[in-house]
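What follows is a group of structures, each given as structure tokens.
Both complexes below contain chain A, partnered by chain B and then by chain C.
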Partner chain A sequence: MVGAACAWYAARAGLDVRVVDRGPVAGGTTGAGEGNLLVSDKEPGPELDLALLSARLWAQLGDELGTAFEYEPKGGLVVAATPDALTALHAFADGQRSAGVVADPVRADQLPSLEPHLATGQAGGVFYPQDAQVMPALAAAHLLRASGARLHTGRTVTGVLRTADGTVAGVRTDRGDLHAPAVVNAAGTWGGDLAALAGVRLPVLPRRGFVLVTEPLPRTVRHKVYAADYVADVASDSAALRTSPVVEGTAAGPVLIGASRERVGFDRSLSLAAVRALAAGAIGLFPFLERVRALRTYAGFRPYLPDHLPAIGPDPRAPGLFHACGHEGAGIGLAVGTGQLIAQRLTGKTPELDLTPFRPERFESCEEHETSGDSEDFKDHDTDGGDTP
Partner chain B sequence: MNPLELARARPDEAFTVTFDGRPLAVLPGQTAAAALWAAGVTAWRSTRGTGRPRGVFCGIGVCFDCLVTVNGRANQRACLVPLRPGDEIRTQEGTGRDHE
Partner chain C sequence: MSERAHLAVVGAGPAGLAGALAAAARGVRVTLVDAAEQAGGQFYRQPARALGARRPEALHHQWRTWERLRDGIDRHLTAGRVTHLTGHHVWCVQREPDSFTVHALRGPAQEEGVTVRADAVLLATGGYERVLPFPGWTLPGVVTAGGAQAMLKGGLVLPGRTVVVAGTGPLLLPVATGLAAAGARVAALVESAGPGALLRRAPALAAEPGKLAEGAWYAGRLLRHGVRTLSRHTVVEAHGTDRLEAVTVAALARDGRTRPGSARRIPCDTLAVGHGMLPHTDLAETLGCTLTGTAVRVDEEQRTDVPGVWAAGESTGIGGAALALAEGHIAGRSIAARLYGAVPDPRSWAAAARARARQRAFFAALDPVYAPPAGWADRITDDTVVCRCEEVTAGQVRTAAGPLGAGDLRTVKLLTRAGMGWCQGRVCAPAVAGLTGCPLTPGRRPFARPVPLGVLAELPDA
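Up next is the complex of A and B:
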């Protein structure tokens, strides 16, 4: 999705764009997402600024192409089960409001009018009208098609071409070289591997999540609904399994149930513990789901960087290389803002957001003394890269 | 040639189920999809968006195209549901839950 958005905005800025994907379109994390475009789960800071920029851009794209990819500006509802959770949620929302988020408090007695099937006994909630949803695989495919960029699927990047002075000059693939003055690394959870081909380190790690898909239903869940403790889970650094219920209906009918987070590498095997916890959490929010059957489940790997911020912008360690990856679980939403910023940077304009917090080289200093073995690896890669004509 | 002869199958006695109220003869072990096909029925669901007819596509439980209502429970995969005497199969409109 991030790659498609970069292609779209770069092409619109007048650049000649090629997109290389070793798999099919949306074959990685994009195809395993729920398509959330959220501002509600972000605290004030650079990620929220990017989310607000992205929300505006998605709304514009929604006008142009929205029916093709099921853009639904339906809003998000965050629900607090206890008075303590509600106090914390209100404090969180106050901070967000000062950063430009629309966050409307919802009293317990107003909840049924927003979500008639929500479990009773909640303390209250906050409604976020800027939250929206797309069908991510369709969004990536339609943006790519509309961009006019040339698409090479099933083609693997095997190296990054560098000139004698180290400047990036394109990529080597399993089906020939592609020469270009700028290369954007939008490889998502595999962005660290692509960075390594250019001899630079970007510590992207996979954070696994399952989504549970129900049988198709008439529109029963109207908004994106989640429990207030979701925000704490997203921000946590724990490797162990964490789940908090996130429930939403889709245009096609099935209800999607998330969200689990655990760091287990690229292990795709089904975790019964995770999907059980998802189902139980969702039934806690929407008791009618107990009588609904889950048809299937799928897993994906969020591209996780240690400070939970993506890497966006030029890499000074490899001139000509740009990064647009590491958006963790927010990549669909943040894709368009990222694409816009990358396109602005590629065309020599001043990006409309400060890219300093997203600098791809920001992990350099803290990791050098952490694992000396790793930096040896990357020196080797650097030499390989330098040898490439 | 009758496929039963080809496979030299000797199924037990047929029993009866209904499809939208009309009786169908079913051999033990047949799924809803097999029984419907044997009776010449190829569509038993209408799509959620535009109400187009659907029946078996993959036939192996993967595609969820052959969904049908059996004994009041919607969204069952006809290609996987084994039938029992007296089962009531109904055409499924949309999600099959629009009247709940």
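Up next is the complex of A and C:
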């Protein structure tokens, strides 16, 4: 998805673009996740700014490319089960509002008109009209096609070409070299390996997630719905929002429930504990789902960086190399903003957002601590919606 | 071990029953789990009874085998060494540090979750029919060959019905014979393989005289019922407005194309089609077993490459009931030895191993003969629905593979929804593979059956 968005905006900026992928279109994490385009789950900061930029761009693309990728600006509803959770949710929403998010409080008695099948007894909620959804694989395929970029699928990048002075001059692939003055690393979870081919370190790691897909249903869930549970960390006296899985209906009928979060490397084997947590969370919100059948479940590996922000922009360690990877659980949503920023940098314009927080070389000084196993997270079967950690 | 070692057998067809019997006879406690209401699987569920009052001679031998198997299992059931859970649909087998949990659904709507713990698992889940689409194949009145067999069993085939049996593979003969014997008018048996191809494989086939006799017996019965066999022919279209009224068949040239001018229309109200079988491998894949092609890979003892998991019968490759029996028997003996920490002696199952080798050679020779004819996918028109669950047409599939850049089945599925519906691509995957030129790869299906979310939410702790 990120590569497709970079190709689209770069081509529109007048550049000649080639897209190389060792697999098919959308064969990586893009084809194994969901298409929530969320602002609701992000706290004020650089990621939210990128999400807001992306939300605007997605809306434009939705107009331009029509229904080809099932863009639906349906809005998100975050519900709080207890008064405490509601207080925390409102405080969170206040912060978001000052960053430009539209967040409308919803009283408990107004919830049924938004979501008639929601479990009763909720304390209230917040409605986020800017939340939207796309079908990621279709979005990637159609953006690529519409970009006019030349597509080389089934072709693996095996090296990064550099000139004598160290400037990047293209890529080596298993089927010949491709010369170019700029190379964009949009290799997602494998972005660290690609960076290594250019001799630079980018500590991208996989974080597994499962999604549950139900049998097709008539429209019963209208928005993206998830629960905000207030988790008070007594010891540190800090508060954090935890989210339950996002439940959403799709244009095609099935309800999607996702996604779980585990750091277990690239292990694809089914985790019943993870799907159990997803099912339980969804039934908690929509009790009617208890009798609905899950047809399948699938897993994907989110690309994450130690500080949970993506790497976007030029790499001073390898002139000519740009990074656009590490978007963790929000790479579909953030792809278009990322593409736009990369295209602006590639054409010498000033990017719309300050790229400093996304600098790819920002991990130069830190230790390898994250790669050595995250024991505290290793067993959590936490679920999350828009996927911000 | 204080308690006796416990084996869970998934599937009570020939392979599962033979495995259960061999293991139980050697002191293993066995739980047989099967979706059907009765033991017997695909083959023994359709006993010779359906073919008429008198038991056909060619099936007599297998019928006796079945009776022996059933009586043996019955004795163990009475003695409490074997438990048979009927009507249990297994949706997942989970591997734990030193045991397995079999997760099943039961109840009238498969809404109730059941778990069985075991020290070892034998996967004997058999296979399912492959049906390749053609224009008109979604009309009411078009059924699978196995479906027609089921109609027979339920007494649903009314005398006077006009049936065409079509496709390819050794199943078509017994199906056509059964339908004719039950009083249907079988207007034609349309087989895309040519008789010459069978002859060219004669040496391998002759090694299995029993099978040839069986085939000859069916052919004789067909003649007696006046059934016309059109070999090297294919159905190019099914016609009808609300339901099937006729089919057009055409002769095939060597290159797989239809011969110009050979098309003819055959009126009929039922078309039974089948293009061979594919192994059920969902449970094995989720356990992490390696596959070879589309079948579970096993060693000489029928072990998969996941410790504690054996597989036998058609889940390891299509090969008929006799092969399933031999493999099940070997698996059961190997399990009994290994569960008690012993290394089994293959000489103790030498006869079964010989039967296995013979049957495998026989089916390996048949396989290329009954491959779908070259060019079948080109005859699918763009407006033909390929994925019935999601109503995806051949044209949409072709677009995904062409301009949109899908290079494998999974991406075609993502871009078109073909294979995302109720059957999870079990029906349409071979057709999509043929249309796009992608290899037929087994689709990851962690749930072998749709599971109510309530059952998932209440799963016991691992």
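General remarks:
As a convention for this text, the second predicted complex is superposed on the first by the 351 of 389 C-alpha atoms of A that agree within 3 Å, B and C clash if a C-alpha of one lies under 4 Å from a C-alpha of the other, contacts with A are read in each partner's own complex, and residues count from 1 in each chain.
The working rule: a residue touches a chain if its C-beta (ideal position, glycine included) is under 8 Å from a C-beta of that chain, and two chains touch if they have at least 3 such contacts.
All of these numbers come straight from a predicted model, not from anything done at the bench.
In this superposed model built on chain A, chain B and chain C take up the same space, so to speak, and clash. By the touch criterion defined above, A:Pro216 reaches both chain B and chain C.
In the superposed model, A:Leu295 lies in contact with both chain B and chain C. Of the two partner chains placed by superposition, chain B and chain C are both touched by A:Ala252. One of chain B and chain C touches more residues of chain A, and that partner is C. Applying the stated contact rule after C-alpha superposition, one finds that A:Leu144 touches chain C and leaves chain B untouched.
The superposed model built on chain A shows that, among 5-13, 95-103, 113-121 or 149-157, the segment of chain C colliding with chain B is 149-157. Taken together, the two complexes place residues 215-216, 252, 293, 295 of chain A in contact with chain B and also with chain C. Taken together, the chain B residues at the contact with chain A in this complex read 48, 64, 67, 74-75, 94-95, 97-98, 100. Residues 215-218, 252-253, 293, 295 of chain A touch chain B in their complex. Every residue of chain A that touches chain C in the complex is listed here, in rising order: 23-27, 31, 137-138, 141-142, 144-145, 151, 153-154, 212-216, 252, 254, 257, 268-270, 272-273, 275-276, 278-280, 282-283, 289-298.
Considering their complex, residues 92, 94, 103, 111, 286, 288, 390, 400, 403-408, 410-411, 414-415, 417, 420-422, 424, 444-447, 450-454, 456-459, 462 of chain C touch chain A.
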